[in-house]
Amino acid sequence: MESNLQQVIRNLLVSYETVGGLNNTDGLNLPSTRAIESICEDLLQLLFPGFHDEEPIHGNCLTQLTESRVTSLSARLEDQICRSLRTTQPDCPLSLAREVLGEFLASLPATRELLSTDIEAAYEGDPAALSSEEIVLSYPFVETIAIQRCAHLLYKAGVPLLPRMMTEWAHARSGIDIHPGARIGNHFFIDHGTGVVIGETCHIGAHVKLYHGVTLGARSFQKDAEGKLVKGGKRHPNVEDWVTIYPNSTVLGGETVIGERSTIGANVFLMHSVPAQSLVYYEETQLKVLSKRHVPAAVAELEWVI
Amino acid sequence: MESNLQQVIRNLLVSYETVGGLNNTDGLNLPSTRAIESICEDLLQLLFPGFHDEEPIHGNCLTQLTESRVTSLSARLEDQICRSLRTTQPDCPLSLAREVLGEFLASLPATRELLSTDIEAAYEGDPAALSSEEIVLSYPFVETIAIQRCAHLLYKAGVPLLPRMMTEWAHARSGIDIHPGARIGNHFFIDHGTGVVIGETCHIGAHVKLYHGVTLGARSFQKDAEGKLVKGGKRHPNVEDWVTIYPNSTVLGGETVIGERSTIGANVFLMHSVPAQSLVYYEETQLKVLSKRHVPAAVAELEWVI
Amino acid sequence: MESNLQQVIRNLLVSYETVGGLNNTDGLNLPSTRAIESICEDLLQLLFPGFHDEEPIHGNCLTQLTESRVTSLSARLEDQICRSLRTTQPDCPLSLAREVLGEFLASLPATRELLSTDIEAAYEGDPAALSSEEIVLSYPFVETIAIQRCAHLLYKAGVPLLPRMMTEWAHARSGIDIHPGARIGNHFFIDHGTGVVIGETCHIGAHVKLYHGVTLGARSFQKDAEGKLVKGGKRHPNVEDWVTIYPNSTVLGGETVIGERSTIGANVFLMHSVPAQSLVYYEETQLKVLSKRHVPAAVAELEWVI
């Protein structure tokens, strides 16, 4: 076994030298998944004080705690911003990272105001929600939209990698995959959430409500003369104010606009715009309801061979 | 930078005073997400002895281990029950929390009996399952239904917040979102599970089998004279004994009943009742299958612009 | 309370003796969920050196680090392979576990070559992906397919339990549920991923692209004369080279073949084969778009009662 292990190690080392795209051994100082995990957790503590702690925070400790949290977070976040910037601009000075960080931190109160409207929207939008405490403590979209709104600020500031890693951290926890590029208005609510996908170039208005499994995605991808994908470009839909989209519906296309106050039913697949105040759904006449008593025995035996 | 951080801290402290709904700094002793996480893990150890441990448990240690686990769990659970009760009844005596806890612990053996039927149902229902060990070790619904059955007992006892936080802990791990209010019969099986949503007022019979992505949800929400949602009320469907619902189907409405021994196909969207022994599906004639060879070149180039 | 706890403990101990299928207290040395978690994390570190570490790995440490990682991993993995083998072959010698382990470790470089093509496919297939670093750091399918490709090797070597527990670890993190039995070609890409289910007997060709929510599942289950499920058998579809399947589509059946270069639209439910170069979708004429302005006021008030 000993010599076998030596052989395994030698072969792996050869593989590290010859197989590309999955090694980070060349001195490139990439942002760290683990550091970003702790940054996201600390951001949630700053945004929702007392909700992500073992014990509630009493008023007289709040100043001191906030000081120590902001100081600790900003040092680590500066490092990750700097690493991210340097993946595309190797000579990027630390001062640029510091500037981006400063603007990011300065906008935390405004982010909290937006999040406050999201919690309000959940309370208004779900008959099962009995208090804002219940929403912060047990609605997975709260954490996800909090992280996305933070990541979006870093995305707009031109930071690569880091914002996507932040939203992916949230995605792994909630099943809600919102690209940091998506622009999302106030009073946003996603119920349940698992399977929601919101693409990079989506613009979502105010008071929009989505259910689990809703995709706001790309319709098709442009290719260049060599058949390679064209990166970037407006690829995902716009959803105007007061729109509701029911579970598992898919809306695709960069020119698709869901007009304000529209309602999209469940399981709908939509690739063109609809005007304001539309109701979109499938006619139910297409559904077949047979009685097992009247279908051939063989069918019943196989339970389901439709 | 130093003075900038001071400014950030000051602005956050102002925000904590002025932006509501997302602070827990007023001395309200809410249940703790982290404490509930460890309670859920300990409940799984009690319900499935030896399966959630690093090493198997040998018979002669079982008594001592069970004693220490029950003692440790009950102290922490009592605290969380008490915190939860006091969010709605500030003067609730500790004795009430203790009583709820006593009844909850006393019902653990009955819960184990139900869970034993769920594992049986998975074995009977999935050709890929080769042993009950495999089911406990690698089927995510086992953990989810175990926590939901526990949370349901606390929900019935009138404990707020805590039951929802428990099922949300399970949801984050499995992608299966079952409200603690849902009543679920014996021999329940969910295969794969990601994206399943089961609403608060669902009644599910015995021997029901669901696949991933199935929603048992609300059809529409009643509003009062001021346009506010009416909280509570029967909003979600009933599913009778021996029903199977295939992946990604959506059944909505508080008056919708899926009659016993019915089979609902995949991707179905159903908002009315069906009688016992129904087969429900979409006719496949509506599906278009074109050959790319016969569609315009432009279409083929764009890969998919249907 | 004290005597109540004693009663709870006594009842639980009785339950452990009488309720079967959920206890591991009989000395059976099952594989450990926690050990497998750390094994999966260590495998990812070996496969993607420097990406799953707090700090990047510098070239001159790589040999030493790889040696210590391989040595540590192989001891723990050997133990879990041995435990798994002995659940079905109680007298299985340690040498067999060692042999399986040796072959597994020897194939890590080939696995890395496959994974390298998967990352290439993601870069070619997603206009939002800007670098291979971004893909490894923030695309959840990378981790899932890496673990599945490893688990598949152990599955082919006849190891029970362990491979399923590995893919279930990945499923809990990404929402992507791929059975270790599935055979998957090179250049495989799943975008977003939440809700994807790929069954045990799927054969997937090269250059296949799937979106979130895609199911490659079983159509119906064979039962024996006593009405029991027949375990095993080819139950899941084949997907040939260069096929793309859009979000939330379901393809079922062991005899179903999706011919090469076919494109399956979103939300499609397909239970029969389609030839090479097919375009499969639903005609959109079935979708109803009404204006809320023209529907009865009652309907508009209830927001959505279609």
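We call the chains A, B and C, going by the order they appear; numbering starts again at 1 in every chain.
In this section, contacts are C-beta pairs under 8 Å (C-beta built on N, C-alpha and C of every residue); 3 or more make two chains touch, one makes a residue touch a chain.
This one's a predicted model, so the numbers in the text were calculated from it and none came from an experiment.
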Checklist outcome for this item: Those chains that touch chain B and also touch chain A are C
Checklist entry - Upon optimal superposition of chain B on chain C over Cα atoms, what rotation angle is obtained, reported to the nearest 5 degrees? => result 120
Checklist entry - Taking all residue numbers at the chain A/chain C interface, are over half used by both copies (same) or under half (different)? => result different
Item to check | Centre-to-centre distance between chain C and chain A (centres being mean Cα positions), rounded to whole Å | outcome: 21
Next on the checklist: Can you list every residue of chain A that touches 2 or more other chains, as numbers and ranges?
Outcome noted: 175, 194-195, 213, 221-222, 248, 265, 267, 271, 282, 286, 303-304, 306
Checklist entry - Which residues of chain A touch chain B in the complex? => result 46-59, 62-63, 66-67, 70-71, 74, 98, 102, 105-106, 108-109, 112-113, 115-116, 119-120, 124-140, 173-175, 192, 194-195, 211-213, 219-223, 247-248, 265-267, 271, 282, 284, 286-293, 295, 299, 303-304, 306
Item to check | Complex contact set, residues of chain C against chain B | outcome: 1, 4-5, 7-9, 11-16, 19-35, 87, 160-161, 164-165, 168, 171-172, 175, 177, 179, 181, 194-195, 197, 199-200, 213, 215, 217-218, 221-222, 228-233, 235, 244, 246, 248, 250, 252, 261-263, 265, 267-272, 274-275, 277-283, 286, 301-306
